[in-house]
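The following block contains the structure, expressed as C-alpha cells.
Going by the order they are written in, the chains are A, B and C; count residues from 1 in each one.
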Amino acid sequence: MMLRITKLDKHFGGVYAVHDCTFDIKEGTITSIIGPNGAGKTTLFNLITGILPPDKGSVRFKNQNITGFKPYKVARAGISRTFQLAKVFKNLTVRDNLLLASNVNDAELKKILAHVHYGRELDTLAGELSYGQQRLVEIARALLFPHSLLMLDEPTAGVNPKVRQELKQILTRLKKQGSTIVLIEHDMDFVMSISDRVIVLNEGTVLTSGTPAQVRKNPKVLEAYLGK
Amino acid sequence: MSLAAQLAVNGVIAGAILALVASGFSLIYNVTKMMHFAHGAVIALAAYFAHTFTSMPIAFPFALVLTLVSTCVAGELINRLVYRPLRTRKASSAVLLIASLAAMIFLNAAIITFWGADIKTIRLPYANASIEFAGIIITSVQLTIIAVALVLLLVLWWLMKQTMIGKAMRALADNKDVAQTVGINPEQLTTITFLIGSVLAAVAGILIGIEENLHPAMGTSLIVKGFAGAVVGGMLSVPGAVLGALLLGLAQNLGIWWLPSGYKDAIAFALLFVFLLFRPQGLLGKKMRDA
Amino acid sequence: MAFINYLIHLAILVCIYGMLTVSLNLAVGFTGLINLGHIAFFGIGAYTSALLALNGYPLWAAILGAALIAALAGIILAFPTTRLKGDYLALATLGFTFIVGSIARNWTSLTRGPLGLPGIPKYAASNQTLLWIAAGTLLAFSITIYCITKTRFGKTLQAVRDDELAAAMLGKNTFVHKVAAMGISAFFAGIAGSFFAHYISFIDPSIFGLGDLVLLLSMLIVGGLASVPGSFIGTAIILLIPEPLRFIGFPSALIGPMREMLFALILLLILIYRPKGIFGRVDLQ
C-alpha cells in the first residue's frame, strides 16, 4: 500500500473542508480524484503534502506515518507534487528549475524535457515562458525529483488543447512504466480513459470510489455534480 | 502612592497623545491597507505649521485653522504624489512601506531645511495653568489633550459606524473590487480617508507641539510608538489601535518605575516586536485566515 | 591636494557602503527577505569592533569579533522573523533596529550612550592605504557573494524567494536556508561596520537611525535587486549625486538634510518609475 489516508478532517472556522476522508492508493496505479468545485480536493492534497495540518486523522506513506510532516519532509519521503497553478521559479532558468529537483547533467535534463514535449531552450528564464510551457516545466521538474508517488493537481487546467494532448500522452507513458500517480482532474474523458481507479469527493468526504465504469454509472455521482 | 498615581496620570496623557497618532494611522491602514508611516512626518509638519502661523500677527484660532488646512494639503499631496502612482502599478505592501519611510525621511529633512534643527515652541495666547488634586499635578494643556482625544475619537467612531461615508470606507477596506461594483470610487474615498487622517494628524501635531515642544525628528518617534500601540491593540480596528496606544502610554510610564527612564522607548519597541511575532492581530484583533 | 583627499574619502565611503549594500542584496534580492534590520547589524559590527579595539584587543580580533557577533545577531533575528510574510517581516526587522538603537542609547556603561565612542584606532596610517584595503575587501565580498549565488545553495535561496512552497516541495528546508542567508549577510555587514568605525574613528547611536536605513535602501533599490554590480553602482550613485551640493554654496548646516531629501527623493522616483532599479533582475515583493 503506497498511501493510506484514514479519517482525515480539516475545518476552517466551523466549516469542514475535508471530513472523515478515508481511502488507499495502491502501488503502480493511476487514481483520479474528481468532484464538484469546492469539494475539498486541493485541500486534501495540501493535507497529504504537509501544507496544512489535519485536525484529525492520519496519512501513512509506504508504512511511515507522515501526518503533520512539514512539506519538505513529505517531499523527501518520496512524494512529488504539482500545483493547481503552475509553480515555477520565475527568475531562474529552466535548467536551474530542474537542477533544484535533481543534480543531473544537461543530457538528462534535455531528455526529460523532450519527454514532456517542452519546446524551448534550457537557458530561458522560466518567467518568460507561456503558461502552458511553465506547466510542462513544472511537470518535468516533478518527474525529475526522486519520488515513489506523483501527485498532480489539475495538470491540464489552463493549457491549450495541444499541451493538453501532450500531457495525456505523458501520463499514459508513465502509467505503462508502472508509476504511482494520484491526480485531481475535471476532464472526464481523460479521467475515464486513463485511471485505474476513481475517487469521488463531495463536500469534503468520499462519496464513492471504484473503477471508471463503476463510477460513471453511479447515480449519486451525477447528483453531486448536477445538484438534486 | 501618589508617585504611582502621578505616573498613571502621565501614562493617560501619553496614551491620549499616542491614541491621536494611532487613530489617524490606523484609519488610513484600515481603509487603504497601507502602512502610512509618513503620518508621523505629517504630524510633525502640523506642529511646525502651527509654530509658524501662531508666530504671525493673526488670531490664535485662525492660525490653528490655517494649520489644519496646510496639514490636509500636505497629507493629500503625499497620497497623490507618492502612494497613488504606486497603487496604480499595483506595488506590493512592502514597497508601499519603504516608500512611506522614504517620504518620512524626506519630510523630516525638509523640516530641518526650512525651519532649522533647533527646538521650537508654540506660544499660547493664555497661560498654561497647573492644577493639583490628590497629590497629582496636571496642566490645563494636558487636560485639553485628554478631552480633545476623547471627543475626536468619539466623533471618529460615530463617523465610521453611523454615516454613509464611514460605511463606504468600511466596504472599501473589506474588498476594494467589490466596493467598486456598488459604485464606490476608491480613489475619491482614499482621498477622503487621507483628509480625515490629516485632520487627526493636525490636531495631534498642534497639541503635542504645545505640550512637548518641537524638534525635527519628533514625527519618527511618535509614529513608531503610535504604530506600536496600534499593533498591540489590534491594527484591524481603529478602536483597537486607540486602545492599544492608550495601554502603551500607560505601560511606558508605569514601566519606568522599574527601568531607567531612558528605556521608555525601548519598552514600546520591545512590545511591538513581541506582538508582531506572537500576536500580530493585537489584543482585540481576530486571527486573519491566510488566504 | 585637498581635493584628492576629498575624492579618496568619498571612494572609501563608497567601498564601505558598497559592502553593506552587496551583503543586503543577498538577503533581499536573492532570498526575498525584506530585512530592515541590516543597519542594526552594521551598527552592532561597528560597536563590537570599536569596543574590542578600545579595550586593547588586536585589530584582527576586533574585525573577527564584529563579524561573528553581527552574524549571531542575524541568526537570532532570523529565527522568529523569517516565518513572517513580506511586510510583517519588514516591520519586525525594523522594530529590531529600533530596539538595538534604544539599547545603544541607554546601556551607557557599555556604549557611553549618546556620547558615543571616540578615538577608535584606524586600520591604516594613511587613507590611501585604507582605500586599497577597502576596495580589496569590497571586491572580495562581491566575488564571494556572486559565487554563492551560483552554487546549489544560492540557487535554492533564489527558489525560496520566487516560490517558497514549491521549493519546500522539492525537499528544501526553506527555514534553514533563510536563517543562513540572514546570518551570512549579517556577517558581511558586521565587517562593513568595523571598517566604518575604524575609519570615522567615532561612532554613536545615530548609526541605528532611520536616515541611514533609507540611505541603504536607496542604494540597494536604485542599483537593483539580485545584482551584485548593481549594488556597487547604486551605492556610488546615491553617495556621489548629492556631493555637488557642497560646491553650490549652501550653508553647511543644510548640506546634511538636503542630502537626505535628495536620496529619499531618488528612492521614491525609482520605486514609482523603475522599481527594478538600474540592473535589477527581480521585483521587490
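Everything that follows uses one rule, which is that a residue touches a chain if its C-beta (ideal position, glycine included) is under 8 Å from a C-beta of that chain, and two chains touch if they have at least 3 such contacts.
Quick caveat, the model's predicted, so the values are computed rather than measured.
A.B. asks: So which chains count as neighbours of both chain B and chain C?
C.D. replies: Common contact partners of chain B and chain C, which must touch each of the two, are absent.
A.B. asks: Which chain wins if you rank chains by how close their C-alpha centre is to the centre of all protein C-alpha atoms?
C.D. replies: It is chain C that sits nearest the middle.
A.B. asks: Report back the single chain whose CA centre is most distant from the CA centre of chain C.
C.D. replies: A
A.B. asks: How far is the middle of chain B from the middle of chain C, if each middle is the mean of its Cα atoms, in Å?
C.D. replies: 30
A.B. asks: Using mean CA coordinates as chain centres, what's the chain A-chain B distance in Å?
C.D. replies: Averaging C-alpha atoms per chain gives centres 50 Å apart.
A.B. asks: If you average the CA atoms of chain A and of chain C, how many Å lie between those two points?
C.D. replies: A distance of 43 Å separates the two centres.
A.B. asks: Under the touch definition given earlier, write down the residues of chain C that touch chain B in their complex.
C.D. replies: Chain C reaches chain B through residues 34, 80-81, 84, 86-88, 90-92, 95-96, 98-99, 102-103, 105-106, 113, 210-211, 213-214, 217-218, 221, 253-254, 256-261, 264-265, 267-268, 271-272, 275, 283-285.
A.B. asks: Going by the contact rule at the top, pick out the chain B residues touching chain C in the complex.
C.D. replies: Touching chain C: residues 35, 82, 85-86, 89, 91-95, 97-99, 101-106, 108-110, 112-113, 116-117, 220, 224, 228, 260, 262-263, 265-266, 269-270, 272-273, 276-277, 280 of chain B.
A.B. asks: Help me check something: in the complex, which residues belonging to chain A touch chain C?
C.D. replies: 49, 51, 70-72, 74-76, 80-81, 83, 87-92, 96, 99-101, 103, 141, 145
A.B. asks: Given the complex with chain A, which residues does chain C contribute to the contact?
C.D. replies: Going by the criterion above, the answer is residues 152, 155-156, 158-159, 161-163, 165-174, 226, 281-282.
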